[in-house]
Amino acid sequence: MVSTGLIARIRLRAIALLTLLLVSVPGIAFAAEDAISHADNAFIMIASAMVMLMVIGLALFYGGMVPKNSVLNTMMMSFVTLCVVSLVWVLWGYSLAFGTTINGFVGSLEYLGFSGVGMEPSDGLAHCTFAIFQMMFACLTVALISGAYVSRMRFSAFLIFGILWATIVYAPLCHWVWGGGWLGELGVLDFAGGKVVHISSGIAALVGCLVLGARKGYGQRPMPPHNLPMTLLGAGLLWFGWFGFNAGSALAADGVAANAFMVTQIATALGVLGWVVAEWIRHGKPTLLGAASGAIAGLVSITPAAGFVGPLAAIVIGFGSGIICFIAVAIIKQKLGYDDSLDVFGIHGVGGTWGALITGVFAAEAIGGTAGLLEGNAAQLGVQAIAVVSTIVFVAIATFIILKIVNIVVPIRVSENDEDIGVDLALHGEDAYSDQVTSSGTLQK
Amino acid sequence: MVSTGLIARIRLRAIALLTLLLVSVPGIAFAAEDAISHADNAFIMIASAMVMLMVIGLALFYGGMVPKNSVLNTMMMSFVTLCVVSLVWVLWGYSLAFGTTINGFVGSLEYLGFSGVGMEPSDGLAHCTFAIFQMMFACLTVALISGAYVSRMRFSAFLIFGILWATIVYAPLCHWVWGGGWLGELGVLDFAGGKVVHISSGIAALVGCLVLGARKGYGQRPMPPHNLPMTLLGAGLLWFGWFGFNAGSALAADGVAANAFMVTQIATALGVLGWVVAEWIRHGKPTLLGAASGAIAGLVSITPAAGFVGPLAAIVIGFGSGIICFIAVAIIKQKLGYDDSLDVFGIHGVGGTWGALITGVFAAEAIGGTAGLLEGNAAQLGVQAIAVVSTIVFVAIATFIILKIVNIVVPIRVSENDEDIGVDLALHGEDAYSDQVTSSGTLQK
Amino acid sequence: MVSTGLIARIRLRAIALLTLLLVSVPGIAFAAEDAISHADNAFIMIASAMVMLMVIGLALFYGGMVPKNSVLNTMMMSFVTLCVVSLVWVLWGYSLAFGTTINGFVGSLEYLGFSGVGMEPSDGLAHCTFAIFQMMFACLTVALISGAYVSRMRFSAFLIFGILWATIVYAPLCHWVWGGGWLGELGVLDFAGGKVVHISSGIAALVGCLVLGARKGYGQRPMPPHNLPMTLLGAGLLWFGWFGFNAGSALAADGVAANAFMVTQIATALGVLGWVVAEWIRHGKPTLLGAASGAIAGLVSITPAAGFVGPLAAIVIGFGSGIICFIAVAIIKQKLGYDDSLDVFGIHGVGGTWGALITGVFAAEAIGGTAGLLEGNAAQLGVQAIAVVSTIVFVAIATFIILKIVNIVVPIRVSENDEDIGVDLALHGEDAYSDQVTSSGTLQK
Amino acid sequence: MKKVEAIIRPIKFEEVKQALYKLGVKGMTVTDVLGCGMQYGQKEIYRGTEYVKLLAKVKLEVVVKDDMVDKVVETISSAARTGEIGDGKIFIYTLDTAVRIRTGESGEEAI
Amino acid sequence: MKKVEAIIRPIKFEEVKQALYKLGVKGMTVTDVLGCGMQYGQKEIYRGTEYVKLLAKVKLEVVVKDDMVDKVVETISSAARTGEIGDGKIFIYTLDTAVRIRTGESGEEAI
Amino acid sequence: MKKVEAIIRPIKFEEVKQALYKLGVKGMTVTDVLGCGMQYGQKEIYRGTEYVKLLAKVKLEVVVKDDMVDKVVETISSAARTGEIGDGKIFIYTLDTAVRIRTGESGEEAI
């Protein structure tokens, strides 16, 4: 496990006290680095479980937003991604992301099949705790993309896409920023994945929905959410899990984690308020879907910044994200007419970019060790911009190629008839809800 | 951050071991108080996330209980409260509650805008960990109130109400009990908010539903829950999160936290059994809504007592709460005829009062350091009663005034027509559920 | 609290470091054993809350699978079990399971009413933390059984059954394996309850559904799930909570816990893939219910193995479980025709047996301290088989007798008419969902 | 024998039902429907998209003897009326016959 | 051409459907409805409030040629009957005509 | 006065509705139904069990003056047609009369 310089710096503070203690005790020979801190290990295990729960939250958030005849397919895409990408991660993904760097671009194959990834301590955690925490990030990122593809993508094609994308796009990108790669070396600030997770999934979503084409009837019929309470519950679980995602990214239950936790709550609250206010002004009414969307926008935007900025910056970041993402989703998308069905690009792509750049503005040396524009370090904003642009370019090209390749193996889009019937019945042979009459069918023997 | 004498005492024990250890190590100069305990910091961060999840649980618990045409509005009230009150807390709420006391009545303005609330250690936690944990309590309390106002309150009026109430009622009350104020000094026992959270929200609910008036048709038509599984899920998430609420109130993962955790589970289980038994006797059938309600009743009643009583007392407290709240809700309310729509007063007000008083009876010196009536300290019950009465009087008057003021700015009640259509459509322009035909509307360009 | 030799061994490693540290510090007199580790205590408290949430997850998982007119009854069985068994555990269950062993068969009565179960340290945890963690296991196990009994069992009969079964079956079985009993002494490997929880509930389910008889119309009408998103959410919460169940079973946040966490994630992912692949081959389509079922199959199978095997073994265990349970549920059950309504036996019984045996094959000395067949220790597989067989025989006989006794007190099956109407309305006087018209009923004064 | 089919506001259903009971009409069948008429629909919003949806209504079907028709129409009308657009319509059809499944009776006795 | 409209118990629907298939009736339309008749309703409870709700029923509509009506009524009746109150009703209407959308055929061929 | 009752594919409903609006038909009532006809049903699977369920359809009811019937049938047919099995049916009935609840008007003015 190779941490970037950045994370190493964060960790340093976390273990300072313990080291001091141990060093000052005569007769203790081992270095602090060698021990598992039960507190931090517990914290990251629980954070991992919380990130896993985000995938379920996502399945609900997305599932509630689609029409009744494609809710199961939508939820399946998140749920099975959680499984397929976990396998990819064990077999080769973790190694590509966190193996010893090969020229800053990709990790070596030393951890293939999680070999060497076990109970041994590594920076205060069990090595496997770190590997699993990172596994959940990979799963979530691929699942996020699916929101742009709903109601029309062949399920098998999505699975193949997910395997390739996790391998070819996510693992290297993760390596660049956190695994000892070139972006980390350049000093980019990405606390919990503004680029690695959100810009990347947002761009993949946009490219994918353009390649797939719009849903049949898009722009002619409304395709409103079929179950908004489900969407709100999903947003709530995402919010809950995101504390694990952001605070857990400190990799220790230290002050940095606490700061990340605090600004996550603040930016999310403000994301909701930003979106709701914008909507109230434009449509005359605040909607629940707007509130839920604003929460995600706020969460996305604070993700890269969480370990580097303070509470007042979080207010600006979150509120700005709510407004900007609302404009992207409700005004710009309507004008351009592409069918980013559940607004993955509009929220994760746009919100992630906003968050990545603004981190370069508000970063406070006293919090995360790096100053931003406001503290006179304009260069940091430049580094952030380089990272954003390189992420966008890389992800866009790679995603396009992957989709084209998948399309050769199996057509990525379902037949028109299957789309009419609905992908739940067509691809999975299931109906989400059965009332008494409906459920009364005829058994086949 | 000023802890009450009580909490300080609890904390003392928690850090005793560590202090002993450090003091006995030559060459370690800093005091234990100055360090962040990763274990406790992790515990309280996760507890904070769990309390945040309670608000989502509440949205579901309440949302399931209202008719189909006001579920979104009901959920919105909880969800947006979580955002608005978070902002209030950062800007001035925390300071009013936990700033240096001004004559025991309110905190100073030293923490305005969370200035000085950051990563620095404070009693073993990062200061901001404590501030965020408390933030979640404030959010939950205001959200609880909304259950009495559903299906008829103007959304904007509720938001203004929430801001004022959090500022004028919650923050001072919190200060009185936990922030160094007069009730804390008096020695009141309120472990996790029987008075601060539950009596206060229950009383505000009662006053508010009287000021608002009953829902149109109340008493003529039944207004049964539209989705009971949603309500049960909400109760389940509340129960889960409440472990963070109660055990987290120890502010350390020590034996007191463990005791609070244990009695929370026991009292909740017994609350369910108490309600279900009462209902079985009266109606001949045990209902799921009764079971879910009993869980909340049990949770409410053990909240003030969690750090002071043992398992057998928890059985009595929980079972009693289930029965008493059932009587309040199913018999007394029916007789008096006020429309406390989702029984916030009947459960939080009544259950909280029961819990606050009985804590003065069962408090065990061996557990929380203070003896109750049963151990011969009758005075404690008197202190508890003073706290209950002062909370009720203060909250009732302040809530009444706030509502009257809000009503001047914007009418607190929606129009009759909006109530007929349902507040979801009227105030938010949304329908909670859309089946295939319903969802087929005509796009407006 | 008596740990088995096994758990003691696990714990040993966990506290080795701390002991080393403390011993080497001059002037520290107390033994490490005597202190509460805040980190471990926090970990197990949160793990307990997560296991509690599993019961809610189970209520949803099961509730979504039944027809619309028995969802409340189904959820009630889980929810009220959580309460009734908690009470049993406080009053006598914990003592029977973890009191000083009486000849290896059952615990003494020393902890009746949780006397002596409080804040005092016990192996690094507060004693009550351990007792509550174990309480949640007992609740979950009884709740699991209910899935085979849905839509036709009298609610009161199920409660009586639950009390007797927790007392007569669960507590002793738990004692045998973890409480100092004969199976633990024999050296059986059951990390988190493959036998104690899953085989036992699976067998009780099978026996019970044979005693009860099939649902009316079973085999003539399909009885498909009424709400699959609810089932997926339930599976998601079970998955989340299971991390607490399995990793928490290390009783410390150490490397063993981390290993258990890792293999839990891997096996679950592979369980999903196994089931989905099998289904895809047989029916031509992968279903969401299959994916959710596969997750549970994977979780069940890794439960006994979690502290003893590594990531590659987890792949085999999980994938195998998905396929084997699919065959049990979708092929064998169909042939035999018994009505294990929600496939408790097919998943927990079969998956638990597979897990228990395969643990004896893959156990790695480097991980859990015990070698399995693959490392040349064939005897371990024999021990596992003895444990499986003895569990099956004991549970089958005891469950049968308990049901027959309950049936004397109150008929275990509802009347035909109640079954036709649906148990929700008949037994609880409630309807799960009310739309506008439906909800408009006539008040009874 | 006539079928009186009324499309009314959901909020008025309970009142109508009770008025019918008073009149002695005990049998009825009720369905959730959507409709539009003069009252065109309700604007909804999601993520910047505005659209108009049909309105939720309740369809009430009552089969009665010929001589009851006027009273039933009258009763439903007055209980369901608010005077605002959207109050609904009543349609009247002639039946050939009715059968009570339990007993096999048919014709007027079956109602 | 006649429409046979049957209001039956949900639990009996599958049996009725299969009986109709056997008779050669392949087309039908089914709706979830609520109803009351002699069987008045079901008591429900929430938080101390008791109320009576309509009963869930299934409405089955089958359009058939005139000469099939008796057989269809007979088939539905015997499959849906339990002998208890609440078995339901069958109502029979005369149609003007029917049209098959796919082909535009109308009249008896369209059924 | 006639009732035109069309059972169509859900996916076609919005198109049909807009075509009717263009024709000047403003009043209609819509119900979610299930049906089977030539298009028999859809296979579903759960845990190894396969079964066939009815198909989701939309029932559209429009009451119009006699002279509008042909145009309405024509409009619905052409908007709802895909040419595949399952396009649906239209049934036409004669009404006795209609009443507008708000005003009490009856007969053709009430439509």
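As written, the chains take the letters A, B, C, D, E and F, and residue 1 is the first residue of each chain.
Just so we're on the same page, contacts are C-beta pairs under 8 Å (C-beta built on N, C-alpha and C of every residue); 3 or more make two chains touch, one makes a residue touch a chain.
Given the structure is predicted, the values throughout are model-derived calculations rather than measurements.
K.L.:
Could you compare the number of C-beta pairs in contact for C-D with that for A-F and name the larger?
P.N.:
Here the pair linked by more C-beta pairs in contact is A-F.
K.L.:
Between subunit A and subunit B, what is the separation of their C-alpha centroids in Å?
P.N.:
32
K.L.:
Roughly how many whole angstrom separate the Cα centroids of subunit D and subunit F?
P.N.:
Taking the mean C-alpha position of each chain, the two centres sit 18 Å apart.
K.L.:
Distance from the CA centroid of subunit B to that of subunit E, rounded to the nearest Å?
P.N.:
51
K.L.:
Specify, in ascending order, the residues of subunit F that touch 2 or more different other chains.
P.N.:
Touching at least two other chains: 14, 30-32, 34, 44-46, 49-51, 54, 84, 93-94.
K.L.:
Scan subunit A for residues touching two or more other chains and write them down.
P.N.:
In subunit A, 25, 37-39, 42, 46, 50, 220-222, 224-225, 227, 233, 283, 285, 287, 289, 429-431, 435-437, 439-443 touch at least two other chains.
K.L.:
Using the definition of touching given at the top, classify the network of chains in this structure as line, ring, star, complete or other.
P.N.:
Per interface graph, the chains form a complete graph.
K.L.:
Tell me, which parts of subunit D touch subunit B in their complex?
P.N.:
9, 11, 14, 34, 41-46, 49-54
K.L.:
Could you list, by residue number, the parts of subunit E that touch subunit A in their complex?
P.N.:
Those residues of subunit E that touch subunit A are 10, 13-14, 17-18, 30-32, 56, 58.
K.L.:
Show which residues of subunit B lie in contact with subunit A when the two form their complex.
P.N.:
Those residues of subunit B that touch subunit A are 22, 25-28, 35-39, 41-42, 45-46, 48-49, 52-53, 55-56, 59-60, 63, 71-72, 75-76, 79-80, 82-84, 86-87, 90, 113-114, 117-121, 125-126, 128-129, 131-132, 135, 155, 227, 230, 233, 427-436, 439-443.
K.L.:
For a test of understanding, state which residues of subunit F touch subunit C in their complex under the given definition.
P.N.:
Counting only subunit F, the residues touching subunit C are 44-51.
K.L.:
Hey, which residues of subunit C end up touching subunit F in the complex?
P.N.:
222, 224-225, 279, 282-283, 285, 287, 289-290, 293, 326, 329-331, 333-334, 343
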